[in-house]
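This structure is in structure tokens; I'll ask about it shortly.
Chain naming follows the written order as A, B, C and D, and within any one chain the residues start at number 1.
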Amino acid sequence: MDERSVLLARYRATRAHTERLSAPLSPEDQQLQAMADASPTKWHRGHTTWFFETFVLGPQGVSPLDERYGLLFNSYYEAVGPRHARAHRGMLSRPTAQQVTAWRARVDEQMQQLLASCEEPVLQRLTPLVRLGIAHEEQHQELILTDIVAAMALHPHKPAALPDFPPDVPAPWKGRRELEGGLVSIGVQPGELPFAFDNEGPRHSVWLHPYAISERLVTVGEWAAFAEDGGYQTPSLWLSDGLAVVRAQGWEAPAYTRREGRAVVHFGPEGERELHPDAPCTGLSFYEADALATWLGARLPTEAEWEHAASAERDEPDRIGPSMGQWYGAAWQWTRSSYAPYPGFRPAAGAVGEYNGKFMIDQQVLRGSSSYTPPGHSRPTYRNFWPSPTRFQKTGLRLAWDLSP
Amino acid sequence: MDERSVLLARYRATRAHTERLSAPLSPEDQQLQAMADASPTKWHRGHTTWFFETFVLGPQGVSPLDERYGLLFNSYYEAVGPRHARAHRGMLSRPTAQQVTAWRARVDEQMQQLLASCEEPVLQRLTPLVRLGIAHEEQHQELILTDIVAAMALHPHKPAALPDFPPDVPAPWKGRRELEGGLVSIGVQPGELPFAFDNEGPRHSVWLHPYAISERLVTVGEWAAFAEDGGYQTPSLWLSDGLAVVRAQGWEAPAYTRREGRAVVHFGPEGERELHPDAPCTGLSFYEADALATWLGARLPTEAEWEHAASAERDEPDRIGPSMGQWYGAAWQWTRSSYAPYPGFRPAAGAVGEYNGKFMIDQQVLRGSSSYTPPGHSRPTYRNFWPSPTRFQKTGLRLAWDLSP
Amino acid sequence: MDERSVLLARYRATRAHTERLSAPLSPEDQQLQAMADASPTKWHRGHTTWFFETFVLGPQGVSPLDERYGLLFNSYYEAVGPRHARAHRGMLSRPTAQQVTAWRARVDEQMQQLLASCEEPVLQRLTPLVRLGIAHEEQHQELILTDIVAAMALHPHKPAALPDFPPDVPAPWKGRRELEGGLVSIGVQPGELPFAFDNEGPRHSVWLHPYAISERLVTVGEWAAFAEDGGYQTPSLWLSDGLAVVRAQGWEAPAYTRREGRAVVHFGPEGERELHPDAPCTGLSFYEADALATWLGARLPTEAEWEHAASAERDEPDRIGPSMGQWYGAAWQWTRSSYAPYPGFRPAAGAVGEYNGKFMIDQQVLRGSSSYTPPGHSRPTYRNFWPSPTRFQKTGLRLAWDLSP
Amino acid sequence: MDERSVLLARYRATRAHTERLSAPLSPEDQQLQAMADASPTKWHRGHTTWFFETFVLGPQGVSPLDERYGLLFNSYYEAVGPRHARAHRGMLSRPTAQQVTAWRARVDEQMQQLLASCEEPVLQRLTPLVRLGIAHEEQHQELILTDIVAAMALHPHKPAALPDFPPDVPAPWKGRRELEGGLVSIGVQPGELPFAFDNEGPRHSVWLHPYAISERLVTVGEWAAFAEDGGYQTPSLWLSDGLAVVRAQGWEAPAYTRREGRAVVHFGPEGERELHPDAPCTGLSFYEADALATWLGARLPTEAEWEHAASAERDEPDRIGPSMGQWYGAAWQWTRSSYAPYPGFRPAAGAVGEYNGKFMIDQQVLRGSSSYTPPGHSRPTYRNFWPSPTRFQKTGLRLAWDLSP
């Protein structure tokens, strides 16, 4: 396939995946907003559509379906009064889900016509934007899942949003890998990949001390042992802020999770289900991940350690051997690294570009991807980030250890 | 018509009126909850249905459509954890609006069959409960209107929920009536009326000092003059608590109301509209009503004064002359009386009966009824009540004055 | 003694009593402010001094010791930004306690010189103001006690603020009195007494239904039985707002009170002490008083009922017999009446006069006086008032019952 | 001087400095607590004394003056219920300031006797603890200043806590230094220095990219130009969290600072004073420091960059030339680095040792020292840390720039 066909195919597939995720949800379901940090399904469907209409179609002279939609579906107008607006997305009963479906169809038709028929130089100019729009919509696909779970969890009947969603896969212990560190390169150079977010670059040198890293994620069984050992009540395991939050919130288990006798029960898109002890433990805040690692005699890896190990596995499969390692597709993995600009980082200019830099404070980096992440979205250099108390994402951890030089 | 037919007709009319109010609203609209003190349209439709299913049909052996609905639509389970539950009614995406419509139809069929065919003694026993259910549904009809206005007011496009809803009617100045007071009776004796709430009785004596009372409500024009005179910024006009709230909330106009040049614009079920200066001023908190009365050289009436005057008008139309007086159907009227039990009041026993007594603290009595109140719902002895800062109801005021004995 | 001497003597005695209360407290103690609703001892001592300096001495041409004290010790400047200022009284380290002592001495000397030597017409003009200042300082004497108890209760060592303060006196059951009611007069006519607050008048008629009223206050033993019976956990006993507060605050006992096995232990100015079962139960919110009365098969009296019974006792001691009845000096007694203006009430004009009217919303009237009230301060018409959740005052209750006519 | 004499002299000097700082403050001043994050002067004086009594004297068999002081002056008991206790330090009227003075004198006498007369091996064991106690007391000396400024700033008269405190020193522009980076070492190896905090080690390698760093701090004049240019209202200059705080708090100037016409006025220990345009800008949150750096076309340095530059200056004065550079003694300098453990960091064991590790989340590192820091307290490896919104410390910034390799 040529590049144009590839782009068209990815566009179509991404847009269709969003609609497939939303299809089992009623107009009422799609209206739900569980908290200020979540958004209704309908809003995600509209916002991703608004992105293509505004940044791709608009500059090509295509006028929007409804000029007033910008105010509703533009996440950037938050600069004018962010929290109020964001907290009230669940109040946007109009347009209806049906109207959003029609809007999506119209934009998809316009997009496909544009991409199929535009001149080559235009296509060159549009390609990066379309790729950004696709990556952006993939992020919102993950949010559709986390946000609808948050919403359904508030319903006394705990209904399954997506009854067919596959449960987490257990993974046996695979040992740990030892890496000698030294001067290594992380990050991605602009232009090196077909697409990467601005926060993933520039590629740069980092000095790593010798370390070991686990070949799988911390499991439900390990968490249960921690909890049974009084982990949530042992101050010496916790960061000071973490302990305060644990007490204030009365946390005794990860989000959407509870112990029921010896079983551990979890609420996900597929409803409530007992977890396998070897399944990855998810729904953890950074505080819990850190305390759990401490209790297990280990620590969280830095993001450079994580990326170095994940890249090594990818680049040298023969030396290391075939290992799934749960680097991707199980759970986002908290790192010890706070979210900060790489040396030499410059935010891209303009509205599309102000994307990531302004969030670079008081958040921790997560690496990998989760079972909610659409396939093909992540890569070794990908930097996800959330504040330390966040638990409503599909978040777990991988252990690391210092090695003597 | 015999009593049975009258009851059946009133039941049918009441239930149909609820559906007529909701008909223009989409499933998404019916899901909206603007604040903890409001409920979604769908919830009102379900809750009133649950009332008949539980208190009338249940004891007659009719089983509920879905046993789990009790948890969702029972306002009494609030005793177990009230604010949390109530604040999350907007999160109940299931059952859908369509499912609630089907539930209503089923209950209506069951109710009509029961009322049409039951033995006379059964009918005698059921009649008070059905009348209570009707009065209860009428209250929720008013709430459907206030709550959907609150919801639509949060939408940036300010859509009209019910575009055909009639606007407020202006009323010319009609003067004031002077009453000599003395020992008067207020309230209703149990059994005296086909239906009354428990808080309206028992009938009892009250000593009234001579007073005058206005023949119409305070108008938009009077409020505008108050505001232009700096009323909201003049501490001596305000109760201490009221001033604190005015400042904390930045109030400059009644709820849903703003001045636009010399015009006063108001958002209601019919959308945004300019108000006539002689229309009743509504959306007022008790604090604003009290300050406005003070600024106009008057005061609020007590509930006994209001009831005595309203009853006199009703009982002696010839002596007083034909006067609409805006006693009903324009706006609920704040009184100077806090909501307290009448002498000899005993709350009725049981779940249905615990209705009113437990709210008898820190609320002010309102009398009359508003343009949102369904016709036939109110009467001279009717006691509505809300906390002093409440503005999201259709609330205004009528002036009173002390007369020298 | 002539009137001038009487006034001088009362002035001297009142001012000396304030200093006697404060004498055992260190400069640090006098600086403490336990909460926004309380004030430091030093502030009370300064504020009462500021009153005489501003309203009595100022108009006679006496200049203040320090012009900047007005801003610190004027409670009326709250109109400009009340809560902030009030909440920060504990931050006023300057002037020091020693400087306030010197200020008090200076003002006392100036006041005594003025009262002793001024012309008779001047004395006539000043007398009402001085009496108001005395009554005002007496109110603050009670607050000095309640506020220092609130402060000391926060100290982990629970030190006794005033180790010599006498404990509450137990009182045996004395039965209840039955009154037939009818048209009675309550309140005080302007000029009828040497001094009364504006909110006590005008005298006016009220219609009372037949009622009975207890001859003593509800006791610690009765409260303990209520608590043991699960009173705090029984929703049907509580007003809806009260239940919410009980749950939110985790109330299980009155303020400063806890059960220790079968004993009931209380923290007061004299430190921690076990209470006699026949001692009056104090530290109760209105909610608790109401629930306790309900549990005891009774209700709270209205303020008119209370005043009528208390006046009858005072006016007709022969018919009723010699009974202390705990009308005064044990605990303030919550009534069922919300704080509202009497018919014909007009707030006095000017700064001194805006005293009471602006608080007439969402507060309940208390009658009598407490063991913290200075002798001679209260009377049958005296109206104290606090919001329903208030517990940091010395507040209890007396029972009433409806009688059949 | 031998080591024993040096230790004794440093102990004496440190303790005396604390008393010198507190001497101008009245018992009432020493009681003030402006906010939960601040402590009263008296508490600082007691807490530092408790440290020596508990960790040095106690294990030598010296019994404490009052066993109950531990509860009051132990900051570690916060683990049991931190925020409540800490927020109420201003409520500890007992012991009085005078009693704390006596306690300090007693402990000083005991400490000096112990240090002067103990056997050499005991001295060896005690020395690290005494040095920790001295460093700890020096930290509280800085807090005494920041906390009393916070307290006095709330007094309407804005009194000067320490009228003789010297004002900030203006510094002329000195240019910037360019450093080539590469593999450098930062941190301190255990045992390398007489004293260092655990968070300063271990010494380890870091790869630095070429950078430039300013030879002085950002000035009041530069801040004023930023503010006049609308800096506080320009979203693109701010981190997202920072903008939200600026708006929520209404920040328009650094803490204790306001513009008055063209002048910039600041409140410090010496009272209110106009600032020289070349004085360092202080009272800045991390958010403001970051925005100010961005507006100036620069960025904040990382802590490794800062330390490398500061050490280079110290180690190679000849090459770089004599430059004060405001590295110490003007203001703490925000860095772009979040507070995290160095590679290989292990928290010291035991109560004294749990010192720093548990705060390593959501705080930013500050380097240098301020005019409030006692001389000799800081060093190139010293890591101070505060949350991003913190403004009540004496905090400013130094600029850095990326250089092309």
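By definition in this document, contacts are C-beta pairs under 8 Å (C-beta built on N, C-alpha and C of every residue); 3 or more make two chains touch, one makes a residue touch a chain.
This is a predicted model, so every value here is computed, not measured.
The chains in contact with subunit C as well as with subunit D do not exist; no chain meets both.
Using CA-based centroids throughout, the chain positioned farthest away from subunit C is A.
Subunit B and subunit C, compared by their mean Cα positions, are separated by 37 Å.
Spacing of subunit A relative to subunit B, judged by their CA centroids, is 47 angstrom. Taking the mean of the C-alpha atoms as each chain's centre, subunit A and subunit C sit 60 Å apart. The touch graph of the protein chains shown is a ring with every node of degree two.
On subunit C, the positions that touch subunit D within their shared complex are 26-32, 34, 42, 68, 71-72, 88, 90-94, 96-97, 151, 154-157, 159.
Only residues 79, 82-83, 183, 204-207, 209, 235-236, 238-244, 286-287, 290, 336-338, 340-341, 343-344, 354, 358-362, 364, 387-388, 402 of subunit B touch subunit C when the two sit together in their complex.
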